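These are the structures in question, set out in turn.
Each of the next two complexes has chain A plus one other chain: chain B in the first, chain C in the second.
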Partner chain A sequence: MSNLENYKKAFLSSFPIKEEQLEKLEYNQIDEWDSIGHMGLMSELEEKFKITLSTDDIVDFSSFQKGKKILKKYKINI
Partner chain B sequence: MPIASSLLKKPRLVKKLKDFYEYVKFNDGKVGTKTRGIDLNFNNACNLRCKYCFTNSPKGDHVKEYLDYGAIADLADQADELGYFEFDLQGGELLLQPKKLFKVLEAIKPERFYLYVTTNGYYLDKSMAEKLAQANVSRVSVSIDSMDEKVHDEIRGRKDSWKRAIAALEHVRNAGMDPYLNITVGHYNANTDHFKQLLDYSKKKKYKTLLNVAVPAGMWQKAEQIICDDKDREYLRKIRKEYKNLVRNIWNPFDRTNEGILGCTTVNRLYITPIGDVLVCPYVHIKIGNIFKQSLKEIVDYGFKIKHFRNHSDLCLAGEDKSFIDKFMTKSGQTIFKPAEAKNIFSEEDYV
Partner chain C sequence: MLKSKVVLITGSSRGIGKAILERFAVESFDIIACSNKKNKIHIEYCKRLSKKNKIKIYPLFFNFNSKDEINEGVENIKKLNVKINYLINNAGIITTSSFQMTKESDLNEIFKVNFLNQFYFTQHISKMMIRTDGSKGIVNISSSSGLDNDTGRSVYSASKASMISISSTLSKELSAFKIRVNTIAPGLIETDMMRNNTKEEYIEKMLNRVSLKRIGKPEEIANVVFFLCSDLSSYINGQTIRVDGGMH
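Up next is the complex of A and B:
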């Protein structure tokens, strides 16, 4: 499975949304992406990519697009 | 928990929340001995006369005493250090004295916490909601007893309290904080149309709904008939699946199946009274220390030595565990200001 597929899968298993919604998805845009949902998503990404996100990056992780840039810092190209 | 608050503007909170998340995840979804929240009653004065008030505020109990700002600041620093990430300011009714409330907020430094104010909403207008949001308050919880205005006002002992509470929730949302509609549920209203109307309203409005089970404490100390029974609990389990906006402190908020039980959060969520006494939760009036006499860490460590509070319980000890209630919560006159002392009521076998 590619990094992009894994990345999308983390979102799709964290929130009840459709793949078409992902590109423009932002924190708090849907009810489920609240602080609790955010922690679940971060954990899912950490497990999938075997990384530990820093607090600053968790704070900055405000959208599907922004997350791609953040993961680059962990040498994960999406 | 937040639905629209600016969590991402509070890095220290994110760090503590992540620690909590990891702890729960690796502890089989249970809260264990992880620190979670501080419920602070810094003053007990209130403008309403609610029939079931657990602090005996309608009786005027200790309404002139205040926890001083220095002590609150020190408490908040210690709580932060110990990983507590929630701070619930409650009374009494804190919006009766907004100047004092804002000084308390300043002392706590809310940017470190998911901080919320629990209020009856009577004095919460647009301007006040905006001030609270500016002061970094993340959430405001407003209790509603019924969608029937007359019923709510009768329980609360004041006309217009329903109208103002309903309006307050909208002001909270419009100001950018998380609106929580708090409902007390007991044997008397579980599985009734009356209760369902409240759930439906909250869901329709996209508020979070915090369910507090009715507890035989405070004004209801002898009212054991209010306690939820097995059928009521089954009903609560059922509606948890239907209403995704429902929250209970003993439920695991991270569990997406809406089934997991975090466990009773005594000591995980401490209750501090205006005279500095530390109770194991707002509803279990058992004292485990005083912030003027011990450090918070000493108090927490002592609290978790008591097995009733350390061991996992699927039931809320104060509102569902009849054996615990009979043994430890029925002493005549037991209130938040006259709590039972843990060291007096527990014997060697109660400690781990």
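Up next is the complex of A and C:
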């Protein structure tokens, strides 16, 4: 599975959304992506990509697009 | 074959932590036994305990006064590739000095070890625990000082009170992931740390406030930790339980 597929899968397993919604998805845009949902998503991404996200990056992770840039810092190219 | 539950214990090489380690070993948990300094005696002890109880014990060493060491510790925990059911935040240090005689360095050190880095470590481990199936929880070892604010223990008491406060918040936030969070506030317990940091006259004075008129044993704290990590306590969340022989 490619990094992009894994990345999308983390979102799709964390929130009840469709793949078409992902590209423009932002934090707090849907009820489920609140601070609690965010923890679940971060946990999922850490597991999938075998990384440990810093707290600053977790706080900055504000959208589907921003997340791609953050993961680049961990050598995960999406 | 049923998979063993996994408990991560910090400060596991002596005192209350060691008693917790022994208690969970007897109960057939696999254990990540963390302590601050590499210690051959502790490693050998873990091996014997592991063999005797037919469980896995992973001794890991990192110091709570160093964020770098904690980061390394977290990476080593991840490498074990186990699902953590329970986290016991037991590591801690103590200092005794009156308010005006407390050095800034002690203030920083105590808060760093007893609160700030516990907070940081728990951020990492709780993220891992989200993905664990089955029962799970966090037990923070605070102190009766965190509730009673004993004379001469302003910084220590404040750091332990902070743990009580954060436990209460965490119990609410992590309940979404079915992680229960509780705190134990031990009173006067027979450990090296207590003996080395408490004057005999102070111990006598404290004992006068204890209904049972004796010092507690580390195993008596371990029993309550185990209770809070068992399904017997499945409806207990966000509580601070005093284990102090009836201190008044």
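Assorted remarks:
Methods note: the second predicted complex is superposed on the first by the 78 of 78 C-alpha atoms of A that agree within 3 Å, B and C clash if a C-alpha of one lies under 4 Å from a C-alpha of the other, contacts with A are read in each partner's own complex, and residues count from 1 in each chain.
The definition used in the following text is that a residue touches a chain if its C-beta (ideal position, glycine included) is under 8 Å from a C-beta of that chain, and two chains touch if they have at least 3 such contacts.
All values derive from a computational prediction rather than experimental measurement.
Once chain A of one complex is fitted onto chain A of the other, the partner contacts of A:E47 are limited to chain C, with no touch recorded for chain B.
Once chain A of one complex is fitted onto chain A of the other, the partner contacts of A:Y27 are limited to chain B, with no touch recorded for chain C. Within the superposed three-chain arrangement, the count of touched residues of chain A is higher for B, of the candidates chain B and chain C.
Using the contact criterion defined above for the overlaid structures, shared-chain residue A:V59 touches chain B, although it does not reach chain C. The intersection of chain A residues touching chain B with those touching chain C, taken from the two complexes, comprises 35-36, 39-40, 42-43, 55. Residues 35-36, 39-40, 42-44, 46-47, 50, 52, 55 of chain A are the ones that touch chain C when the two sit in their complex.
The touching residues of chain B, when paired with chain A in their complex, are 1-5, 7-9, 11, 14-15, 17-18, 21-22, 25, 114, 206, 244-245, 253-254, 256. Residues of chain A touching chain B in their complex: 27-28, 31, 34-36, 38-40, 42-43, 55-56, 58-60, 62. Interface residues of chain C facing chain A in the complex, by the touch rule stated above, are 71, 74-75, 78, 120, 123-124, 127-128, 130-131, 173, 176-177.
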